[in-house]
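Each of the two complexes below includes chain A, the first together with chain B, the second together with chain C.
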Partner chain A sequence: MDLKDKLISSFMAFESNVDIEHPVHDVRTEAMKNFEMKGFPTKKEEAWKYTSLKNLQKVDFSIFPKEENALEYKQVKKYFLHEVDTYKIVFIDGIYSSYLSETTHDGVDICLMSSALTKPMYKPVVDVYFNKVASKDESLTTLNTAFCREGAYIYIPKNKMPKKPVEIIHFATGNEASLMLQPRNLIIAEENSELQVIERHQSLTSNEVLTNSVTEIFAADSAIVDYYKIQNDSENASLIDNTYIDQKGKSNVSVHTFSFGGKLIRNNLNFYQNGEHIESTMKGVTILGNKQHVDHHTLVHHIEPNCESHQDYKGIYGENATGVFNGKIIVDKIAQKTNAFQQNNNILVSDKATINTKPQLEIFADDVKCSHGCTIGQLDEDALFYLQSRGIPQKEARALLMYAFANNVLESVRIPEVKARINKLIAKKLGVSLGFDL
Partner chain B sequence: MAYTEEELKKELETKEYEYGFYTDIESDTLPVGLNEEIIIAISKKKEEPDWMTAWRLEAFKHWKEMEEPDWANVHYKKPDFQAISYYSAPNKKPKYNSLDEVDPELLETFKKLGISVDEQKKLAGVAVDIVMDSVSVATTFKKTLAEKGIIFCSISEAIQEHPELVKKYIGTVVPQRDNFYAALNSAVFSDGSFCYIPKGVRCPMELSTYFRINQAGTGQFERTLVIADEGSYVSYLEGCTAPSRDENQLHAAVVELIALDDAEIKYSTVQNWFPGDKEGKGGVFNFVTKRGLCEKNAKISWTQVETGSAVTWKYPSCVLKGDNSIGEFYSIAVTNNFQQADTGTKMVHLGKNTRSTIISKGISAGKSQNSYRGLVQVNSRAENARNFSQCDSLLMGNECGAHTFPYIEAKNKSAQIEHEATTSKIGEDQIFYCNQRGIDTEKAIALIVNGFSKEVLNKLPMEFAVEAQKLLEISLEGSVG
Partner chain C sequence: MLKIKDLHASIDDKEILKGINLEVKAGEVHAIMGPNGSGKSTLSAVIAGKEEFEVTQGSVELDGEDLDEVAPEERAHKGVFLSFQYPVEIPGVSVTNFIKTAINESRKARGMEEMPANEMLKMIREKSELLDIDRKFLSRSLNEGFSGGEKKRNEIFQMAMLEPKLAILDETDSGLDIDALRIVANGVNKLKSKDNAVIVITHYQRLLEYIVPDFVHVLHNGKIVKSGGKELALELEEKGYDWIKNEAVV
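What follows is the complex of A and B.
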């Protein structure tokens, strides 16, 4: 049985475990219909031209974990941002772990999607926001919608800011031979509020994991949201990450994606600017080796005038790795005075590595400043020589240069501990000790 | 001030297509529709050898299995391929030995086109092959060229007289089954130009072809094959016009360039098919497949100025097969009113040390949509490949659109690829600056557009550059948003 059929038949089992009278279930059924019709995307579709899900569909994934698994904090401490105090929403094999988590209802709601979807007190918010910006058309997003039950729910009311950043961590224990997870997050930042989120998916063994995650973020007027995605998973973990962001006037949302590991990663990052004077930032560092495959798809839809968007993606690809970048900027007719910038720089360090990039502009307004730049190249031989002539071994010199190449993406990271963590990951990935902290 | 913006816009909209005349020449047209009999009939009319007929039928077989592509960023009513006449030839036909024998009315047409054949023959020294409604009617300067061993004739003549060359090269760069329109063209092409430059010969003059669709309800399917043998050089020009009609006419051409070792081909196009009127009615559908193959140290350079056609779908490409080969693409695409253009290039790097340059300038005005779609592909064995691409778009008015779809695929670590794109409009301050110095708005825009397109215009041969500049002015002076 292929994965699609399995999912379709599992949906019935799923229905017996959720409240099918609840209005959310209509959304699920509708979404399931769409997925049944569309199935998994194939390479024939333009958006999936360079990424094939064929091999993943051959794996016999468990859709629901059989039992609840527990983890000791010290086992997994290193995956937390332990240098700084954070709120934590932790899931083990898709199931919430209250033991490892630290949620709150003190002025802000940092809790679970399952309670948001079932408890009446959240209903007014859920009615307004749930599944409102996520695509009702894209097959994998609707697949997630159909099975949505658990994930993080964050609600920051007007003029509030949580005391500390929020960490959302998904662990896969490997108790199942192969597991498919479909977390669903809903994040709402009301007017003038502020929020910082760090998200991580971590598989603890080399068993196969497929995560198809959907996150909806709503940033109301003047809200500020910083979102950091750390993707440094084991080599048999695949991630399809769909993020939909709805921004209102004067809001500022930035998403940083750090992809250092995993088997197949597909990031669909979609920004919709529904207001004026909005700023959207997308940045990414990708460092890959082995047979890893990372596909960054970004979309910024400039719907209203006077907005800005910045994109900066850097990639370093070694061994047999494949990188894809597809950045799309749409500027509507009325979105005059838009400033949209897009930059994608890549370094190939191996003859077997591949990079496919497609920066795409669709512009319907005339008074705009839009540009994209894209390069594929190597390290500057002169710079390398300079460093070597000053006694820095070639390996370190290369690493230093690559580090410098990726570094300006880190400048906009606003949590110093995250920055330090990423620095260490980059250094580790490049196989050197830098001997200094930044 | 002589003009206000409004007036300018109005004038621009109503500016008539200068080449929109129809020449009443009796012509020999096949019944509409497409089937094997029609193809055999075309082949027979052209007195083609059997292998050619078979080749056409094979292409037709592939075409029947294909679907019309719809991935391009253009929207139009798909042509009904059974409602087109696939062959229309000016009557009292051909085989002229000198220009005096040409139908005077036809010559009149050329005069209107501004390419009076005899005048050009004397003054410009350009050898012209004119293709009207798919049939080549005049090839000038044949003798001068023959002395150098250069073959420059219509493709049907080449099929008769140089079958070995045609047989060897036709379909090698653009195979019959390459795409929907290429397959259609392979099945029904009625004429086109053929050019062969022998080893080591530098063609002494610009070779030129002029295409014109005259007859109503016909499609034009010409096929051009240019072969530059080792160490040779040729510069080839191509121009196109069509009369104004309110139905859509179909133009599906195939151009194949073959540059053998150390050869160089420069191919310039000024495309000015009827773009439709200001309501977007009529106009030519221009679905063209152009591709060149570079062997060792060879160079192919495409230069195009696209101002016409209701819908353009065109990607002149270079396959850089040989080591050290070079591909270039310089393009200006101008769209106005309801025109839609989806154009760009493909650079496929296969050999070592191959280089390519892409400069694309898109100018959109009115309600038009202008897209750049390009591919730069570096294969794993293409060491030290180098590419530089630049696509700039200029928007005039807020009802048009500019789009870029660049695909970049690199599989070799020594590849160096740069791509940059910008979109902007003509600044009010630039106009003001010109106005303030006594240059009226219309001239100022012409000036700025010319400056914007200069990198490409500079690549055109002299006499084409003048024409292109004029065309640019006609196509869009004025529309400041």
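What follows is the complex of A and C.
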């Protein structure tokens, strides 16, 4: 049985464990119909030209973990941002771990999707926001919607700001030979509120894991949301991340994506600007080797006038790694005075690494500033010689240059501890100790 | 200290250096002058070990050791320093962190412990005062957004910190106004001792008014066509390079 058939037949089993009378289940059923019709995307589709899901579909994934698994804090401590205090929403093999988590209802709600989808007190919010910005026809998103049950739920009321950043972490224990996870996150930042989120998926063994995640983020007027995705998973863990962001006037949302490890990573990052004077920022650093694959698909849809979007993705690809950057910018006819910037720079450090980069601009307004640029190159030999001539060995010199190349993406990281952690991950990824903290 | 014998070097099969002979002893200052395209920068890059250049004949020796096959960083560890004409910008790495890394890599290569932080700080303070460098400057990203003069001053600061045995200053005077030139030259003079040597590569005589050479060599078409004392530089300033070129043909 291939994965699609298995998912379809699992849906019935899934239904016996959820409240099928709940209105959310009508949404699931609708979504399941769409997935049944469309199935997994293939390379024939333009958006999936360079990323194949064929091999993953041959894996016999468990759709539901058989039992609840526990982890000791000391086993997983290193994956938390222990440098700074955070709220934590932690899942082990897709199941919430209250032991590892720290949630709150103190003025803000930082808790669970399963509560939001079942408890009457959350119904007014869920009715307004759930599945409202996520695509209703993109097959992987609808697959997630069909099985949605658990994930993070964050609600920040007007003028509020949680006391600390929120970490959303998914651990896969490897107790299943191969496991499929479908977390669903709903994040709402009401007017003039602020929120910082760090998301991470971590497989603890080399067993196969496939995560198909959907996150909906709503930023109301003047809200500020900073979202950091740390993708540094094991060599048999694949991630399809579908993130949808709805922004209202004067809101400011940034998403930083750090892709340092994983078998296959697909980021579908979609911004919709439903208001004026909005700022949207998408930044990414990718450092991959072996046979790792990453595919960044970004979309920013300028729907109203006077908004800005900034995209800056840096990629360093070694060995047989492959990368894709596809950045789509749509500027509607009424969205005058739009400022849209897009930049994608890549370094190939091996002859066998490849990158496909493609800007895709659809501009229907006439008074806009849109710029895009992409480069693919090698490390600058003159710069390398400069560093070596000062006594810095070639390996360290290369690492310093790569670090410098990726550096400006880090400038906009607003949590110093996250920045420090990313710097350490970069140094580790580049395999050097530079004698100082980058 | 440095012995260059019949050095031929080429890039992409084009021969740039066509038989250079030069000996530099400890305590000496040598100036290498010459028109554009004569091979001055190539000579400095070959001494520092740039791999794009292929040495096809002859040798470069430092303290009796042939430097062929010695990587640029190892040459640095042995005490060779090249001040670049166009220093490279390294965003995200401060001048201080960069120089710390460079010093400690050299010490590591020599089997020494890392320099203690207080010693490093003291040294940074002394050397930055010597070159009239603002402390704030040291926390900026290496060469990023530096003016031409700041870049050159930073090169000499690094030289001061690394205390090389042999310093090669490649067109250090270009892009410097007279005040900056004086500060840089003053720094170089203070670092000079009987145990180290300096090679000043320049197109103009101007810098040599401040860093007075013991020997002046004129490079033309990949060869040293004339050598002399410091008065040769003045003669070149007066007459230009044409008479040398003509003489060379004869």
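Just so we're on the same page, the second predicted complex is superposed on the first by the 437 of 438 C-alpha atoms of A that agree within 3 Å, B and C clash if a C-alpha of one lies under 4 Å from a C-alpha of the other, contacts with A are read in each partner's own complex, and residues count from 1 in each chain.
Here, a residue touches a chain if its C-beta (ideal position, glycine included) is under 8 Å from a C-beta of that chain, and two chains touch if they have at least 3 such contacts.
Since this is a predicted model, take the numbers as computed values, not measurements.
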Partner chain in contact with A:369 - chain B first, chain C second, else both or neither: first
Dominant toucher of chain A (residue count), chain B or chain C: B
Chain B versus chain C as contact partner of A:378, first or second or both or neither: first
A:356 touches, of chain B and chain C: first, second, both or neither? first
Which of chain B and chain C A:397 touches, first, second, both or neither: second
Partner chain in contact with A:175 - chain B first, chain C second, else both or neither: neither
Touching partner for A:29 - first (chain B), second (chain C), both, neither: neither
Which of chain B and chain C A:339 touches, first, second, both or neither: neither
Parts of chain C lying in touch with chain A, wherever the complex brings them together: 45, 48-52, 71-73, 75-77, 80-82, 84, 86-93, 97-98, 100-106, 109, 114, 158, 162
Residue numbers on chain A that touch chain C, as the complex places them: 380-383, 385-394, 396-397, 400-401, 403-404, 407-408, 410, 434-436, 438
Touching residues on chain B, where the partner in the complex is chain A: 71, 378, 380, 393, 395-425, 481
Of chain A, residues touching chain B in the complex: 46, 333, 336, 346, 348-378
